[in-house]
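By written order: A, B, C, D, E and F. Residues from 1 in each chain.
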Amino acid sequence: MNPELYEYIEEKLFQKGALDVYKTPMIMKKGRPAIKLTILVNEDKVENIEEIIFIETTSIGIRKYPVEKVMLRRDFSTVKTDFGEVTVKNSYYKDKLIKCKPEYEDCKKLAKKNNISIKEIYEEIRNKGD
Amino acid sequence: MNPELYEYIEEKLFQKGALDVYKTPMIMKKGRPAIKLTILVNEDKVENIEEIIFIETTSIGIRKYPVEKVMLRRDFSTVKTDFGEVTVKNSYYKDKLIKCKPEYEDCKKLAKKNNISIKEIYEEIRNKGD
Amino acid sequence: MNPELYEYIEEKLFQKGALDVYKTPMIMKKGRPAIKLTILVNEDKVENIEEIIFIETTSIGIRKYPVEKVMLRRDFSTVKTDFGEVTVKNSYYKDKLIKCKPEYEDCKKLAKKNNISIKEIYEEIRNKGD
Amino acid sequence: MNPELYEYIEEKLFQKGALDVYKTPMIMKKGRPAIKLTILVNEDKVENIEEIIFIETTSIGIRKYPVEKVMLRRDFSTVKTDFGEVTVKNSYYKDKLIKCKPEYEDCKKLAKKNNISIKEIYEEIRNKGD
Amino acid sequence: MNPELYEYIEEKLFQKGALDVYKTPMIMKKGRPAIKLTILVNEDKVENIEEIIFIETTSIGIRKYPVEKVMLRRDFSTVKTDFGEVTVKNSYYKDKLIKCKPEYEDCKKLAKKNNISIKEIYEEIRNKGD
Amino acid sequence: MNPELYEYIEEKLFQKGALDVYKTPMIMKKGRPAIKLTILVNEDKVENIEEIIFIETTSIGIRKYPVEKVMLRRDFSTVKTDFGEVTVKNSYYKDKLIKCKPEYEDCKKLAKKNNISIKEIYEEIRNKGD
């Protein structure tokens, strides 16, 4: 498959209910290099997803198996930096806050607007977050 | 494992009922590079496949889990090109023809016999197929 | 995640009951390169493992599915070489010995102590083992 | 490094003169999984590129070696389809047209606008192009 | 590119003078998965190889750089096993024999003809070789 | 090659002068999965390295090409945390400190000794470092 198309297909898959999409390089029979497309989806959206795969990709076969997904509880907060505001995703394990992750798109925007390194933004947030 | 042996082992796996075989590069414990061998097989052939894996490969453990396979309905037709005949695999989604794939082995044979690029064969078929 | 941390995390996972741990390079949504961490564990240890993943890694979500593990029966023997003793892992398929694997850590020790190639140790064992 | 940042960094690298950027999954010393970032750049832009790598990534070392780049001669044409116009990149080997590649971004736009599969757009172009 | 074609293209590359051909999974700009095709060739055959790449693959650009190849001196001998003869490739470092490698194609043939595991053939050779 | 041996071989390579060693999964001719071993070394140590490769690995051929290495200037400092001291590697670009990286081995030791998450150590250092 034309590798440019993955972006388009992934966008469509998320629109139609995919919870996650990833690709794994592998080697098919006869030594052919390939990409395995893995999609996580709720059971009621499976048919939507199959339709996109069959219509938009070169694939003619799909394998399905049930998985259970365990997610940390999450909420969002806002951190004010010298360069502007950034949304931070906070994750909780057994009600204890254990991870804070600045939203990449926010950081990217501020780095560009302020013409500084994106790492500086992340460091700013880390300091403000203490 | 000697990587030359995969070809031999895959051939044997398909003979004994494997529906698909693929390999994924991965990293085992202690940072050891390795290849994960994945085999899709009907339940009644699982024992055959296990025997080959244990006898022919260096593996001493196998993991099994059930998967459901969804395949497009397929049939085959023949396309006449200026260089010779090529079998084409047609796939249908909900009774609509959505994919036509020339058989690689046929195209390869014609490209060699006619001393032309294999891409020319594929293009010929595409034009004839319209 | 800082890739140096995998060694530490894997050690902890094995301590807490992981039967196997491996990593697969893959590509997340939006083309982001990533490592998928796969852990094999008995059902009664799943919670231990989840705790380590959530606390020690950057992951905020886990997928779980049941797999059946088939292992060859194994025992260990000792081979005396000119350079010292090496433990060998013997694997049996249907009561027939089919694989003998010298323990790497033993071979490494002897290669270093005797200042010879580790391949020589493996060959010695192979000859003694006949 | 946070894998989200690659998009931002690649954008910056292209702005500062990179001719191509790609990433290869690999395994560093001590079995650590990593991504090798490879950048193709004209000699006069090397310093720009080094600055971005050192400032924006976690890397503290770069390897450089000269490569010669051979490119096919290319030009662009426009194909009118039933869904709209698409730019096509034509490549020539020794003055013979050997490759025609529709611009992905154009196809994506038309697929979305017309609510059809992107594959239909590509096929349309192929037929019009004959 | 259709991954089936690699076999055909590699065969052609070797016919036209390639000394080695290998493929590396990587990630192009915009997160597109791809395969890097690497070819080792003597300088006088470079043009042949470029022609195949440009005509038979979807590539429109090639990068070239000089490498020096160091090969062990090699010769071939024949080992008689209970199942038939096998050619063995012997490699010498500073005139000392350091590696003996049975030819895979020979072993495969004997394993099939005698209906035994290919590993048995390799072990037979190892024992006879002592 | 037995993937367990990489650890041993890498250790030896670094002892004999390798500046860096990494491994890349790739696909050899005939679709065989393999690992490419890449070694960075000063010219005066090349022969040492070749000897290890030829004697300790299954390889019978090596490719060499000159690369230029650009490294940031680095020094080390010590950070006192509530859990103990950690060495930090500081990197400078044009005399400006741009990166501070705690030594993993130190952090690992303190995490184990204090029975806390290794991430807590890293965060402590980050805070003390401000």
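The rule is short, and it goes like this: a residue touches a chain if its C-beta (ideal position, glycine included) is under 8 Å from a C-beta of that chain, and two chains touch if they have at least 3 such contacts.
Predicted, not measured: the structure shown is a model, and the values here were computed from it.
Engineer: Determine the set of chains touching chain C that also touch chain F.
Structural biologist: Chains that touch both chain C and chain F, as defined above, are A, B, D, E.
Engineer: Can you list every chain that touches chain D and also touches chain F?
Structural biologist: A, B, C, E
Engineer: Sharing over half of the contact pairs with C-F by residue number is what counts; pick that pair out of B-F, A-D or D-F.
Structural biologist: Interface equivalent to C-F: A-D.
Engineer: Counting C-beta pairs in contact, does A-C beat C-E or the other way around?
Structural biologist: A-C
Engineer: Hey, which chain ends up farthest from chain A, C-alpha centres compared?
Structural biologist: The most remote chain is E.
Engineer: With chain centres defined as C-alpha means, what is the inter-centre distance between chain B and chain E in Å?
Structural biologist: A distance of 21 Å separates the two centres.
Engineer: What's the distance between the Cα centroids of chain A and chain F, rounded to whole Å?
Structural biologist: Chain centroid spacing, chain A to chain F, equals 29 Å.
Engineer: So which bits of chain E are touching at least two other chains?
Structural biologist: Expected reply: 4, 6-7, 23-25, 27-28, 30-34, 55, 65.
Engineer: In the complex, go through chain D and note every residue touching chain B.
Structural biologist: Listed in rising order, the residues are 27, 30-33, 126-127, 130.
Engineer: Enumerate the contact residues on chain E facing chain D in the complex.
Structural biologist: 24-31, 34, 36, 50-51, 54-55, 58, 60-65
Engineer: Where on chain D is chain C touching in the complex?
Structural biologist: Touch list, chain D to chain C: 3-4, 6-7, 23, 25, 28, 30-35.
Engineer: Flag every residue of chain E that touches chain B in the complex, lowest number first.
Structural biologist: Counting only chain E, the residues touching chain B are 2, 4-5, 7-9, 25, 55-56, 104, 108, 111, 117-119, 122.
Engineer: Which residues of chain F touch chain D in the complex?
Structural biologist: Within the complex, chain F touches chain D at residues 6-7, 10, 14, 20-25, 40, 65-72, 74, 91, 93, 98-99, 101.
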